[in-house]
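First comes the structure, then the notes that go with it.
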Amino acid sequence: MRGTQPAYGMLAAFVVAAPVLVGIAYCAAGVLGLLGDTAGGSVNWSVLADAATWRSVGWSFWAAGASTFLALVGAVAVAALCRSTRSSDRAARALAVLPLPIPHIVAALVGLLVLAQSGLLARIAYSLGVVGAPAEVPVLVYDGLGVGFILTMAAKEIPFLALIAISLAGGDLRPVEESARTLGASPAELFRRITLPLLLRGMMPATVAVFVFVFGSYEVAAMLGPTAPAPLPVLITESYAGASLERRTEAYLLSLLALLIACVAVAAHELLRRDMFRRLPG
Amino acid sequence: MIPRPETGSAARALLLLLLFLLAAGPLLLLLLLSFGEGWFWPALLPAEFSGSAWGSLASGASGTRLLRAALNSLLLGLSTGLLASLLALPLGRQLARLTGWRRMVGSAAAFLPVAAPPVTLGVGLNYTFLVSGLGGSFIGVLLAHLIPALGYTCLFFMGYFEVYDDRLDEAALTLGASRAQLFRPVTLPLLRRPLLEAALLGFLISWAQVPLTLLIGQGLVSTLPLELLSYVNAGQDRFAAAGAIILTLPALLTLAVAGLAIKRTGAVVA
Amino acid sequence: MSGTSRLELRLVAVRFGREAGLSAISLAVAPGETVAIVGTSGAGKSSLLRAIAGLDPVAGGSVVIEGVDRSSAPPEARGAVYLHQTPLLFPHLSVAENIAFPLRVRRVDAMAIAKRVDEVLEKLRLGSLRDRDPATLSGGQRHRVALARAIAGRPPVLLLDEPLTGLDPATRAETLEAIRSALADYDPATLYVTHDLAEAGSIADRIGVLLAAEIQQIDTPVNLFEQPASAAVAEFVGFSNRITGESDGSTFRAGLWEIPLQTDFTGRAVLLFRPQSLYVEDAGELTGEVLSVAHSPQGPRLRVKVQGVELDATASRSGMTERGDARFRLDNPGLRIFAEL
């Protein structure tokens, strides 16, 4: 049954990917002024020379990277620390995954409410006597570093990564860890040399996925990110909404760039999965 | 595993607390805000509680807008879920049958609409939608939502069929049944659950969608997330909190099923 | 005994499954000695090994390794390396790094590690695979690397859990050879679990038979196969023919059967013998009938009915047999008799 009539499978692949491919094609055409609403215009490469563009791209990379890293740390912590059948550990594992289906925009709102200068965290700090007025509270949202964004996205993406980490730690890893322990590895050595490397290996594809999700996220970036440098998805919408033809072309160009990055991520993800598939222990 | 001394129990306790806060905190906060009155700096709790925010939200012009947005979201969600699920069944099954490099291509193809930032899809496809008269229409937005949703559901069914034992079908076939005869007694009952899970997945994707609705909908199609965004932009925090609670409802109601669905998708993504 | 044995189990109890468990396992293994544990599937052999290794808790008794009670010690502090049935190599490390692992965790210095790794690679003929990725190895090669890794640190005790089960003949031979080399490298006390008696007989110094949650007998292969200690053990090692009757101290009687046999008990008795002890013989004293003939690589196996009892027998010395009435002879030396409990 497997491997028979691959033509259908390839057709299915085409059907699913087609809208994105059309999108890419149209963005390219739009950049070159070949079609539709930018027809006749000349290619405007100036946006690529604009430092602000690259600051936006850089910001998005930084924010996505930092969020993914923190989410990874959180997920690994849950999977590695809360492994037993004790009820407290089972509760931890369930709680870690619980927020999974919450919409991103809701997470963004909560992030705003908690981390804003007059938000919950600030008020707790006030009641502890750490700050006196909202103005004294460190700026965590709309800030250049994107701390509010990063913390919110990290919290939002932990459930997904935790789901995978927990399943890995509970299954495949155990027999290998037993071997390692009888070979003389203490719990610390075991974690450092076996558990952590193998967990991270197993989570690589999912981590790439999370990175690209956060990178392309619009609503959270719009609600928590800075105005300058604007996160890339926000920059794209601003350009697109701009009245002039020039701005439109900018939007297409930036979209093309973002789509290119997404394609690279997809390719990396596939290669990592295949690599991993070959390396299951036993 | 091996009975271990209580290493890191302090760390575990802290982690448990943090996880509890992350899971329960948001909803609690939203409830406090939407039901609270006069919650100003530096108070940790609202001065008093009432349903006034909910009341004003539900009444008059904002009430009708909200209702329309909610109905749109519901309809869009259900349609997306249904379509994405039904379409992904044959698509996912064929994708799961691929081997070797073709499998990588298939899996990448399903992942592409999931990974592509929705903003870019909105920008790239907007003209096409406009030209075909779908821009700013319900159907247009539905089709737009379907793009990432189909990606997710295909990944889901790829994961499902990866572990589905074809031998079950083979055994029945060698007993003389045709594929069509197999469908009702064998295939359908087994598919009921995954179809439901996939539909839920598609629903959640559409339900929470923002940029695609904004761009393709041209501001003419209102959905709950868009309403929420407008409340936030207008500084109407309490309305925003109420809207957020409504948005979170399906997730809460279907926790168990949603978790399973995402697990299956995650098995392919991971 | 504690002075010379490296591994000692004193009344060890192990729980597995819902109700099953081993109750009072006692044995001692000397340095360099290999003791095979045989028994039926599900008898608890693997659970015993896991409990010795510290992977599962011991429900009673003590596990003593090199004179020290390790019953509550964690696995890494016991000195007993456990080898799973499927070789579990660390996928993120090369072959050489896998082998070096037990040395590295003990902070042996780099030069000593390199030297020992080379030694072990040589010994198990893995030299050419040193930098390979474990995922690229064949089954037999994986088994050898797992063994190499196990002996690299010269652990006092080795626990091999069904190492040859499920392997095809070629890989079996390769792995058995590797096991012999590995065990000859230094003088580990080895416990070797298997359900295959022939395998146990070929590699072990002594064999322990685990039946009904106890070690019923532990002896050299010769002694075990020739002088089983109980009816249950006898049946386990191949005395498949069984006749229940009475003994008065000098004769065994059961129905039409009457055999002169000295016993130190009287009363109900069970007589056991191998199929090889009953054979077709024209001049035989016993009358009976050959019911069916099955051919096997070891020769024809007969299902017969002799003096009213259905038994397994072998063909006549001439190798010819056919169904129907025949006469049989019983080899007295092959008979074993036990009191029936």
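Labels A, B and C are assigned to the chains in the order they are written; within every chain, residues are numbered from 1.
Here is the rule we go by: contacts are C-beta pairs under 8 Å (C-beta built on N, C-alpha and C of every residue); 3 or more make two chains touch, one makes a residue touch a chain.
All values derive from a computational prediction rather than experimental measurement.
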Chains touching both subunit B and subunit C, listed by label: A
Chain centres computed over CA atoms; the one at greatest distance from subunit B is chain C
For the interfaces A-C and A-B, which has the higher count of C-beta pairs in contact? A-B
Subunit A and subunit C: spacing of chain centres that average the CA atoms, whole Å: 55
Between the Cα centroids of subunit A and subunit B the separation in whole angstrom comes to 16
Could you say which residues in subunit B touch two or more other chains, in rising order? 2, 4
Give the residues of subunit A that touch two or more other chains, as numbers and ranges in rising order. 178, 181, 187
Set of subunit C residues in contact with two or more other chains: 54-55, 74-75
Touching residues (chain side subunit C, partner subunit A) in the complex: 53-55, 74-76, 78, 80-84, 86-92, 101-102, 104-106, 133-135, 149-150, 153, 155, 159
So in the complex, which bits of subunit A are touching subunit B? 1-6, 8-17, 19-20, 22-24, 26-27, 30, 35-37, 77-78, 81-84, 88-89, 91-92, 95-107, 109-110, 112-114, 118, 120, 122-124, 126-127, 134, 155, 158, 160, 163-164, 167, 174, 177-178, 181, 187, 202-203, 205-206, 209, 212-213, 215-219, 222-223, 233, 236-237, 240, 251-252, 255-256, 258-259, 262-263, 265-267, 269-270, 273-274
State the interface residues of subunit A toward subunit C in the complex, per the touch definition above. 175-176, 178-187, 189, 193-194, 197-198, 201, 278-282
What part of subunit B is in contact with subunit A in the complex they form? 1-2, 4, 7-8, 11-13, 15-16, 19-20, 22-23, 25-26, 29-30, 33, 41-44, 90-92, 94-95, 97-99, 102, 104-121, 123-128, 131, 147, 150-151, 154, 166, 169-170, 204, 207-208, 210-211, 214-215, 225, 228-229, 232, 237, 240-241, 244, 247-248, 250-251, 254-255, 258-259, 262-263, 266-267, 269-270
